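To start, the structure under review is shown below, and the notes come after it.
Each chain carries a letter (A, B, C and D) given by its place in the written order, and its residues are counted from 1.
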Amino acid sequence: MSFSLGKRLMAEGLGAGLLVATVVGSGIMAERLAGGNVALALLGNTLPTGAILVVLILAFGPISGAHFNPAVSVVMSLRGELPSRECALYIAAQIIGACLGTLAAHGMFELPLIEFGIKARTGPAQWFAEFVATCGLLVTILAISRFRSEAIPVAVGLYITAAYWFTASTSFANPAVTIARALTRSFSGIAPADVPMFAIAQLAGALAGLALMHWLLSPTPAPAATMAAKRS
Amino acid sequence: MSFSLGKRLMAEGLGAGLLVATVVGSGIMAERLAGGNVALALLGNTLPTGAILVVLILAFGPISGAHFNPAVSVVMSLRGELPSRECALYIAAQIIGACLGTLAAHGMFELPLIEFGIKARTGPAQWFAEFVATCGLLVTILAISRFRSEAIPVAVGLYITAAYWFTASTSFANPAVTIARALTRSFSGIAPADVPMFAIAQLAGALAGLALMHWLLSPTPAPAATMAAKRS
Amino acid sequence: MSFSLGKRLMAEGLGAGLLVATVVGSGIMAERLAGGNVALALLGNTLPTGAILVVLILAFGPISGAHFNPAVSVVMSLRGELPSRECALYIAAQIIGACLGTLAAHGMFELPLIEFGIKARTGPAQWFAEFVATCGLLVTILAISRFRSEAIPVAVGLYITAAYWFTASTSFANPAVTIARALTRSFSGIAPADVPMFAIAQLAGALAGLALMHWLLSPTPAPAATMAAKRS
Amino acid sequence: MSFSLGKRLMAEGLGAGLLVATVVGSGIMAERLAGGNVALALLGNTLPTGAILVVLILAFGPISGAHFNPAVSVVMSLRGELPSRECALYIAAQIIGACLGTLAAHGMFELPLIEFGIKARTGPAQWFAEFVATCGLLVTILAISRFRSEAIPVAVGLYITAAYWFTASTSFANPAVTIARALTRSFSGIAPADVPMFAIAQLAGALAGLALMHWLLSPTPAPAATMAAKRS
């Protein structure tokens, strides 16, 4: 079954929007209720995010591929699976959807619809963390879509669940989500000035993941040689 | 395999009852033990609810479809998958089962069997949250039952796990459950006067989800045109 | 593939033992670390128990059926799926394995190998809770093994995860585990005098679940009538 | 599809590295945020570890078998599934990858890249716990890879999730990970002097698991006898 570009863009925008509404909304809820315990707040932010990713990839994967993430769309375009013009439109839909997701979260929690983030997230350690997080995300996607593509929704949800905790930056790993999180002053926000370096680190990590998996998953002459040896 | 209407109604009532017993019971347990930390109480309310949903949909889905939710039954009826008379009986069974679920939870926790809720849950932000939560629930159900119906139990469980945290209202998203939660004064209760607007917002959200997915999942002329072009 | 009775009994004993080692061990660990917050201790007791159940049923289900629970074995025997002599041996293996599980947990946590439980768990509300919990467990097992047996491990793990929180008794739901938990004074213990009523309530709940599902899942004359009508 | 030894070693190293980066990184994050509540810190350490194991085994299992663990590689070698020379190289790759994982976690969290662990983890109870944990891990792997190999990633993730809590040692269960955790002073560290006994207990547990499952899963003469009886 194939879907028109308009529907695929809607799926990308809707998915990115629901993802960001979950990240921002659960961050607000968790911080309000956690009584100052940040580990508990992060737990209340992590579980919903991992859970909704599984749902959204199950729901929209068959329509648009369920990227929701410019770093993923760029990699898919480089692999020849998404024409560059569509890639640009995917990214636009992801960013617009993601920003509307922040607005929706603010609407549900009675906050001003747009406020700029004030949480500083910068410095080499944070950038390295975003590089690692996005590299690992692409390793996950490229390896598992090759071997067991039906496990991709659960795998991506679990990967992000882990990455929230093992990266010092709580693993944004998504330039569209990063932009949308610059529009909130709540738990999951980021200062707008810190967005560009995050996006650059994320794209660099995605490209590193692509290069690594391109080599690791490429056909190897060894088995052929073995077969030839067996034949003789 | 097909089941008689009586058995299907029992499955809907039993499922709604066990769902509400879990929501209300785990809310009581979690609030009692959490020592005043509301994030911890909500966590102890969220995980059991998400878990039991997976179980109940696995168990009763093949019998009755496992709606447990008037908003879902109305949508299925509008899609022509449930005759309107059966839809009305489904809703009655769901409401009766759900209310008995509250009683069962009270019985297990030594509370008066019926008490009316006192927690005010009202205002446009809460209604918008219920609209979003139920719209998202129907998007989840309609998309995933189209593409990968065997993943519906896990997807609905994870969706509600996320929605507890990303909506300011903790995502009731179910008119029968909302009515049953008006019969408890505990953690998960709601003041009876606030029930109608919740139910209206939920139904509106469900219809919005239906409309959105009706368009998004409908056949598209594009591929046919492409095929024709290829043939010529 | 079929396994000798000796191996099946070993699988039942080993599974019950690892289950109880997890219940008791994680209870000790969680209570020690939780700093007096009982919700947090229960969370640290719930998640490992649900997780290990999935693992143990995956591992031993194909060998012995992975009952680990006299209430389940009795029901399977009544359904004619387990000869009564084997049922008695299953129950003996489950009880012995479960008690050794308590010893193993005590050994790992440097506690006296056997101590009798002192936590009073009694009264009609607790018994009703055990009745509901075990009834729900059998509903889960009988319905899902009929429709989607490959989902049984995950379903049972999630059911117990939920039942820890929605029942006032934290859902023992297993006479062998109840006996073994009378041998520890730690978080998950129970006073030995309270064991018999728990076991009776559990068996009653299991039989109620069997009766309910026997009716709900039985063939129905309706479809046959429909077919006949179509033929004419 | 078969992969060259070089690629398989890279998969083992990369997997072990990402696993340790998650264990150590999430330990640092969780301890920093948990405000002194160790149960909460352990929860923030457990969930990411269980989650990433599922992801890594899905991603690298088809390439190298996804051992990431010398105890597993030794058992596979004894079963004749891995030549001893490759086994030695696997172990080297696992140790190197695991140590680089600690470095990566330190880099992301702005800690000195290498520091030696200071947490004493020793004594018979801890060794017994490591024995039990690794024995259970091999029971899980050997039984489930025989019956339902596609469930191995989820089963191992859930097993370790449980074992973190039911063993007094938080279940290292992996000599390569144990060595790498001797290079951090943070939450998940271990004093270098305590590493050898942990590794010995882990290997002994793995061999016990192999022996147990070798007997439990071996073909049994009973069914053959039954068949013969039926034939006559």
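Note that in this section a contact is a pair of C-beta atoms (placed from the backbone, for glycine too) under 8 Å apart; a residue touches a chain by one contact, two chains touch by 3 or more.
Bear in mind the structure is a predicted one, so any value in this text is a computation, not a measurement.
Interface note: chain A and chain B, two copies of one sequence, contact each other through mostly non-matching residue numbers (shared numbers fall below half of all numbers used). For this pair, chain A with chain C, the centres built from the Cα atoms lie 39 Å apart. The distance from the centre of chain B to the centre of chain C, with each centre set as the mean of the Cα atoms, comes to 28 Å.
Those residues of chain A in touch with two or more other chains are numbered 37, 40, 43. Interchain contacts (touch definition given at top) occur between A-B, A-D, B-C, C-D.
Of all the residues in chain A, the ones that touch chain D in their complex are 36-40, 42-43, 46, 50, 123, 125, 128-129, 132, 136, 139-140, 143-144, 146-148, 151, 154-155, 158-159, 161-169, 212, 215-217, 220, 222-223, 226. Chain contact summary for the complex, chain B toward chain C: residues 1-4, 7, 10-11, 14, 18, 21-22, 24-26, 29-30, 33-35, 37, 40-41, 43-45, 47-49, 51-52, 54-55, 58-63, 104-105, 107-110, 150, 153, 157.
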